[in-house]
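Presented sequentially are two complexes of chain A, the first with chain B as partner and the second with chain C.
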Partner chain A sequence: MTFTAIKTPTPREISTEPRRSDRVFRAIVTFGGISSLVILGLIALFLGYRGFEVLRQEGIGFITHSDWSISTDDAGNVLESHFGLAAMLVGTILCSLIAVVIALPVSVFCALFLNFYAPNWLKKILVTIIDMMAAFPSILFGIWGFLVLMPSVEYWAKLLHRYFGFIPIFDMQVPVYTRSPFVAGVVLSIMIIPIITSVSREIFSQAPLDRIQAAYALGATRWAMIKAVVIPHGRSGVIGGAMLGLGRAMGETVAVFTVLNIVFQINWQMLLGAGGNVASLIILKFGDASPYEIKALMAAGLVLFLLTLIVNGLANLIVKTTGKSGR
Partner chain B sequence: MSTGSSVIPTKPWKASNKQRAIDALVLLVALLASFTVVAVTPMKGKLAYFAVFFIAYALLTSIFKAQQRGSAAAKDALVNSLVAIGAIVTVIPVASILATVLKNGLPGISFGLFTHDMALATPTDPLNNGGLLHAITGTLLLVTVALILSVPIGILTALYLTEIKGKFTGPIRFLVQAMSGVPSIVAGLFILSAVLYPITKSYSGLMGSLSLTILMIPTIARTAEEVLNLIPNDLREAGTALGGTQWRTVAMIVLPAAKSGLVTAIILGVARIAGETAPILLLTGGGDRVNPNAFSGPMGSLPYYIWKSFNAGSPEAITRAWAGLLVLVGLVLILFTSARFLGSRKAAK
Partner chain C sequence: MTTSHENEKEKMETHVKPTSLASVAQAHNVKVPGTRALGTGLETRGVHAWFGKHHALADISLDFAAGTVTALIGPSGCGKSTYIRTINRMHEFIPGAAMAGEVLLDGKDVYAPGTDVTKIRLQIGMVFQKPNPFPSMTIGENVLSGLKLAQIKAENKDDLLEECLERAGLWSEVKDRLGAHGGSLSGGQQQRLCIARALAVRPQVLLMDEPCSALDPGSTLRIEETIRHLSDSMTIIIVTHNMQQAARVSDYTAFFLSDGGPGQMIEVAPTSEIFSRPQDPRTENYVTGRFG
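Then we have the complex of A and B:
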């Protein structure tokens, strides 16, 4: 009997190198992950590239002047053009500031109610309703705002003008209340309430439980507890949430377009029916724009993109840092 | 035990009958005040009732509390009312929106609406002419193409953030959040400038889907990231301990475990884009007949149909717009409810 040498299988080499399948997997996933960077970069690049000609011609006047006119001869050549976004930018900022000023207290109170006052069953229902509200399409808010909300808001505007007209922003020379920045601001505020509420709710719910209970144990009323524990903890997070809402309000297009009268003149009187909005301008002018005007619209889109990007970026930074310090 | 008498536990924190009576009285007085003030003064309308009632109620409760327990309790009572107002003011618009959409949309809903398109009708025609078949098929096509494009990218991004955790994790998480704030009109302009003008040079459904993809990726990526973070690390470690490569662990353990959550993420993404209007207006051309080809020819869709009818302005057209809104809201609500349902079932397990 002869022993044939048993061929022992060579043990697999142990290494920390990932296998080929893993390398492929990692490459694909990383590629997918970087896509958001690529898309954002491409947006800025292409809008800048298309709008470059207009931006170069108008220079800084593109954001400091407020006339928007173009005249062409019969062959379609541009004779003269003035593109300035100042009125639109002022309008955008005014509308979204009104929206945030209205929405912020409502949302903060609502978030406090959800976290510290509502019984559990009510909380569940309300959270569902608020999340649902965030999923409503903006055209719905626009048409509802135009047909249902606007008459009431115009009435409120009249009241504000009559009783608070001595404050410059509530003052106006010509009593035109229809389609004013105030109306747009109210519609926008309804659209951003869900955003600010859910961010604030999240932040408030991270308030340290031991301190809450300590406050109660010391005999604090509910409000005293909120003032001593919850608000110091959540203040900057709420500011971040408000800025997220501001960013959303600035980029809103269709809802604002249906309820706002666009006028190319800087107007800080919020009750007067003449406002501006960069996003609505694009929808308004796009339909019959000449190729050169389209370039100006692209440049306007770039300005809007950068503006919302900055606001959102700041907001996310603020929310993120509060979330961390809370834990 | 031996005495046989049982002591009934007292609940000193419960409101006494007297306290309840006072609460009811305050409510009543506030209501009365609102009615009398509206009747006597020139203030009129729902807002007046609401405002006077609220102010009267807040004042009365705070005064009572101040008498009973001092100023701290009074402030507490005031904030009680404020907080309740916050919740009520948040809910009123939703109720109003749903009520008006139902009230104005139902008259426009008929069977013919779902079997005809608008090829032979204009928005101002009587309601039994034409329908929104083209809009429904268009929206479904737009959403389907957008899904095919955005789901892989969204989930890969989420996987990068949770599984690979490479050196770009922080920046990418930041950028995805920034991307969710990109205005929809900017997404539309981007596709216009980057694809439509230089390459295809014509409106089509695909262009609309591309812009919707940009809007959908961040929603899917962020929700999917949260879901994947909930998968316990034990599962990943078990997969590795059994000799699985990372690829096999993710594909055969992590993703199946997170399946229902990922479906929720996708549904939420669809709900986000189904009613998106601005880029659709720029890119799809809004045809009036059923167009089954997403790659060529103008494509109708629900938002475009609503927009067009609304701007036509006649009573029939406005009814059409409301009917379209009702269908759109129904679609969004169905999607939203199914996402909730799947999400809650996952939480229950």
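Then we have the complex of A and C:
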């Protein structure tokens, strides 16, 4: 038996006439969806517009040089100015990376504990506390870091320096341990633990039950099951959470400002009490800045904004490329 | 040796009621429960199961001879799946789950205090209703995943891999793509992959919870052939809603039923007996399709 030859028709156009209520609702949600994009775009435009003069004058030097000086005559006219963010950018990245390196393992273990080990009553309490931590005012973390953490971190910093000093980032020439990027990183890590924990917990709890049962039915211990099923399933989500935390750490202002010594010199030595941070720079200079310096600070804001955007873009890319396996 | 063997047999007979069953079994020329034809067997005594306050299963005593296939049939919600999940202690994963009675493997209670539950699950393997290979692993890794999960060292992994896939009836279809991901197989192939995975840890007993209910007739047939082959070397308990399947693959059939209360076992007998001359009218109604 053979199939008869088929004359291929052209596909029909398929359309539908939406109801009025559907169109109204569609308009409302579209407005909500677009508004965040519009707001973000307007902020970027505002920063670019206000900072344009400085950006044009400094050129690429705005992100490759590390000085911040302005001199004006008595009438307030600018005589000479040098603005460069290199040290601040390096400091921002350094502090945020320290924060993520500390926070990521703590958060992942915390999420695993909450999902697979904690008794129900403890889980409820801990989840509430962790959610509360996310909403805690950052200035309080800063003050706590300044008064409580700084004296004790000094001890850990000395230990790290003594035993790991051969690694460049743990090295230091001048023994100034307070107000270092390390202290700022530790404070930031505490602030981003709730975010990474809550994202990881969510993704771990979605690990498919049939595979969990398959692992147990094969004689897996709980830890072996977690390694074989839960972690492969959650890997991309955890990376996404870490990137979210990184973004939060880079934008954090007050807490870092409280514990970090801002110095206009590129410094990769995390234990040395000299760091940089774009957001903290803005808060440091904003109070008594001349109109022209304000423009420079707006430009700095734009750079930070773009940096955060790039990190989030990278995060999406990583989540997409690692997302396929394990699902 | 002989005396202890007979003692054991006597002991067994006092707990279940196999006298009639054994004679029927001999008449039908199938292996008799409790005769330990291929070494040792599995037995449950007075098993009850609860989910919270809900009493799901009442007083199930069954004896599975080594090397036999037993089918559990009955309408949905009569406790068949719950029953087999009590056997390899998967029941206790459900919050609020409880059980009573004993499950004896080689005469040892698997619920005895201090038992390493992971060892029990190595001896009593399980195949689930929905094929559930690990998607992040390749076909080969999936088959050997049990060894990794239970931290067992294998002498020759390649031989074991081939042997398990061969016994599961999948080797010829996947031998050229062992490095492909498990998710790239068809549903029926995935289920046979799950069987191969269960075989790799060399269980004595294999529990199958409606293993063909999500599969097409061709795949179902392949899995039934696999079950027949496997029964030479292990005890198999299969839950099925398909009575033709029970008739095709099993030596014994147990009929479960719930009258709204906890599920109970109504009748167990050699499969041909259950389908031709059931003792209980409820069994007859069910197997002839009058309800359920």
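Heads up, the rule we're going with is that the second predicted complex is superposed on the first by the 277 of 327 C-alpha atoms of A that agree within 3 Å, B and C clash if a C-alpha of one lies under 4 Å from a C-alpha of the other, contacts with A are read in each partner's own complex, and residues count from 1 in each chain.
In this text, a contact is a pair of C-beta atoms (placed from the backbone, for glycine too) under 8 Å apart; a residue touches a chain by one contact, two chains touch by 3 or more.
Predicted model only: the values in this text are computed from it and were never measured.
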Partner chain in contact with A:Ala224 - chain B first, chain C second, else both or neither: both
Touching partner for A:Pro232 - first (chain B), second (chain C), both, neither: second
Touching partner for A:Asn312 - first (chain B), second (chain C), both, neither: first
Chain B versus chain C as contact partner of A:Pro9, first or second or both or neither: neither
Contacts of A:Pro119 with chain B and chain C, given as first, second, both or neither: neither
Which of chain B and chain C A:Arg248 touches, first, second, both or neither: first
Dominant toucher of chain A (residue count), chain B or chain C: B
Partner chain(s) touched by A:Arg211 [first = chain B, second = chain C, both, neither]: second
Contacts on chain A seen with chain B and repeated with chain C across the two complexes: 221, 224
Complex contacts: residues of chain C adjacent to chain A: 88, 90, 93, 118-119, 121-122, 125-126, 128, 130, 132-136, 145-146, 148-151, 194, 197-198, 201
Chain B contact footprint on chain A (complex, rising order): 18-19, 21-22, 24-26, 28-37, 39-40, 42-43, 46-47, 49-50, 105-114, 117-118, 126, 128-133, 135-141, 143-144, 147-149, 152, 155-156, 190, 193-194, 197, 221-224, 226, 244, 247-248, 250-254, 258, 279, 282-283, 286, 297-298, 301, 304-305, 308-309, 311-313, 316
Residues of chain A defined as touching chain C within the complex: 208, 210-211, 213-221, 224-225, 228-229, 232-233, 325-327
Chain B residues within the chain A interface of the complex: 45-47, 72-73, 75-76, 78-80, 82-87, 89-91, 93-94, 96-97, 100-101, 152-153, 155-157, 159-161, 163-164, 166, 168, 171-172, 174-187, 189-190, 192-194, 197, 214, 217-218, 221, 245-248, 250, 268, 271-272, 274-278, 281-282, 303, 306-307, 310, 318, 321-322, 325, 328-329, 332-333, 335-336, 340
